């Protein structure tokens, strides 16, 4: 499992602004069939003190490449890991997965910092 | 009629997150003409204790293939059956049916769990 | 003028669900020029006790084919006629008319049942 | 049946240039069901001595509005009538008809002047 | 400057319904460069006692063809003139102007009748 | 297996014109998995003495609904059956099949009458 | 009427390369109705010794703004004028005109230098 | 660094209307790699006493061409500079940056005047 | 390295028909950076005696997942391997690779059987 | 001016296959106005003994960033420089430039090796 995603200091911590990051090259392995799954991950967050470093984020997402994990689990895990790394005011993670057996799935999970 | 759709335990029951499932390969039979109808079914829900198992859901939807049923009836029936299977916090089912006689239909039904 | 549109009983009267019907083949006659107008009619409603029967609705809309009527009048008339037929909880009728003299028009009218 | 479509003299008869006219508002009546058909007519031609006058062409096409005719027949008839009116070097008529029973039809007919 | 746009009586004054008119063929002259500007005008309004007559509206918009005027000024002027003509419950005017120097502009202005 | 598709006499047999028929509602059963396959069938032909009757064609294609057959086999079979029914000058059948396991297939087969 | 369009020397006269220029802001006046027409002009040419200067070309096309001229005439005139200005190896001019009375027109004219 | 963006007086200061400016030709330099970044900047604001002058705005944005700056920093800096220049009632700046390493970024920042 | 792709007998060997297979989920590793590359592979072929079995083809393509290989090399290798497996009359392989550093690549290679 | 673009040996020199490279981030300076121009460059070639190295190509194209050059000149220069670097069997360079004054330009130049 990869270490936490690196961050850099947010230069505008007093302003509530939004960052949206789209990675259309997400791939993991289906734990039931052992076959690869493919999808797009969209991360939207309002930073507090820290921003996600993009190269480190890319390596974090690429680490799912050889990992057997269900859709629901992967999206909730990404949300937990990224929120732990940069401790944002708010964060939402969406996964849009390619069709399997004619069925497409989209999972959306989000969190909001308690003491804001 | 198919048995209930199988489910698996939701690993993140404390988080209110959303799952959207799109099946563009829905087909049933028109009870008036005996001819096949075609459409896309979109299911969106917030799971409580259980998630819908995709393979079982696919088989459930394919069981309409030989069944004579009106648009409004099929969408409300799917909502009732799936909500009974996984008992979600909220669920919405949308059916977009291909044109017949130049007219396209879209049916949207939803429910919300009483004690939330 | 066509008789009222036929209806059939709503099997799920206790649930507030939505039906959207799109007819891209609407045509009437411009009362000023005598030339045909063309457009798309979109009807969205929440049924109460009755649903619109699609074949009867199609015949109702086709009856405008030889009728001289302004855009605003036709949309409000369709809304009045269909609401009188099925007495829905809510109904909206939209007409998108093809360009004439480089200008496109879209008319939107809606009603809501008084005692709901 | 309408009289021949009016024409005006081609000001550049020595140059082989092409005129394409698209009418997305074609409607006729199905001779079997008595229900209206809808489609788009695309006329492409290389004029010889005469060009089709657009207003007259529009009236010609609108005259199919109350006429019972099959797809194949209407396209071949339009080609014959328009070629007789303007006697072009070459002409092609395409009809793209809206889906009926889930099936869309496109008919393409063309002619070329014998002594060219 | 053109006279006021003509109107006709609204046949459904008791219903709050919406009319949207799109004219993609708006052109005026840039007062700084003397070069033509091009754009699309979208007018949306809820009529009170009167509706805008489309032919008169078209002539009104075409009168900007030889007039030197800035984007912001033209949209606010159109809003003032049309609202004075038909005295609507609400009106919005949007102008989407073609790129100049790689930059596209969109201006949105609206008004609401005081005593409603 | 359905009987041959019905035809009607071509009224313009001396002209080489083209008919294209698109059916986006084709479904058969995969002989390996027993699961339904879905796709779009496009038939293009130049009629000789006979044209395909659309209602009969629709019933012919719907008869694949419960039949186990591979993609390549179904397209070549449709070509053989339809060419035997209407004996066209030329015919092409294309099948575009929905993704299975992330892979989409398109099969194209055609024939040309020998003595033309 | 504007003077000829200015040109500049082609720096690669020995190579047969193609230049395509698209102007979506063409407007002229209909000589029958006096109303403005709008369209897109696409000029494609292989230069010989000279290339069209874009600013001068723009002014040339804008000079049609107040000119009453039919579609067919304007396209053939633009071809003649531009070919006379830069004497290209080959040139094609296409005009795509906005719908009038529901009918769209596209005119295509081209020339090829005699001694090549 | 460029001087402040020039403005001109708002002729309709009493009306709350919106101006949206889109520049798809923004480019800066990545401070880590020294390689150019590319993106689209969308500025939306409600003017108070002054409007942004477009030519001056264009020169302001072009001054980032040789400047090493991170995405988050550039968007917040543009918002600060433009708000200081025209002191609007409200302003939003969005930057959509082209993919790098398969990852696309979108940054959205906004401000609202305190005493309104 | 995977073994050869499995095939099944072509049931229509005497007819020259075409099979197109699209896999938008191709991924390999860049041999220079060690980072994953992503792209879409399109295989078009005219079978002789054998057709490619889709499940086996999918496994063959997925075997590139952990392999360091350049774009040009992977496309030519896939062409060589698939042509060796099914010995088609003709085959073409196209790879469309996602942007890296703002640059997108498409590689197209094809072969034709010698004695045909 | 940049040195020649680097190449690497073509591993399949005996096969005539095609490489297409798209760079939507090309920018140069207009020599008349001093303002930046933006466009997309598409390079298509059939390699002989050498392929263009992508990182080196990117640096070559980025070197136009501060260079004053006309559209026609830049495309022909890129063709000459790249053909000199990798000596391909055939090469085509297309430039699609963003609108200036409402006019879009596309330049296409190509070469073919003499002794093939």
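The letters A, B, C, D, E, F, G, H, I and J name the chains in turn, as written, and every chain counts its residues from 1.
Basically, contacts are C-beta pairs under 8 Å (C-beta built on N, C-alpha and C of every residue); 3 or more make two chains touch, one makes a residue touch a chain.
These are the chains along with the protein names UniProt gives them: A, B, C, D, E, F, G, H, I, J = NADPH-dependent 7-cyano-7-deazaguanine reductase.
As the structure is a prediction and not an experimental result, all values here were calculated from the model.
Summary of the copy comparison: rotating subunit C onto subunit J for the best CA superposition needs 180 degrees, to the nearest 5. Subunit B and subunit E have CA centres that are 45 Å apart.
In this assembly, the C-alpha centroid of subunit F lies 56 Å from the C-alpha centroid of subunit H. Centre-to-centre spacing of subunit C and subunit E amounts to 28 Å, using the average Cα coordinate of each chain. Taking the mean of the C-alpha atoms as each chain's centre, subunit E and subunit G sit 32 Å apart. For subunit J, residues touching at least two other chains, in rising order: 24-25, 35, 38, 98, 100-102.
A list of each chain pair in contact follows: A-B, A-F, A-H, A-I, B-C, B-D, B-F, C-D, C-E, C-G, D-F, D-G, E-G, E-H, E-J, F-I, G-J, H-I, H-J, I-J. Partner subunit A is touched in their complex by these residues of subunit H: 72-73, 75-76, 100-111. Interface residues of subunit B facing subunit F in the complex, by the touch rule stated above, are 24-25, 27, 35-36, 38, 62, 65, 98.
Those residues of subunit A that touch subunit H in the complex are listed here as 10-12, 15, 17-25, 51, 54-55, 57-58.
Against subunit F, the residues of subunit A that register as touching in their complex are 35, 38, 98-102.
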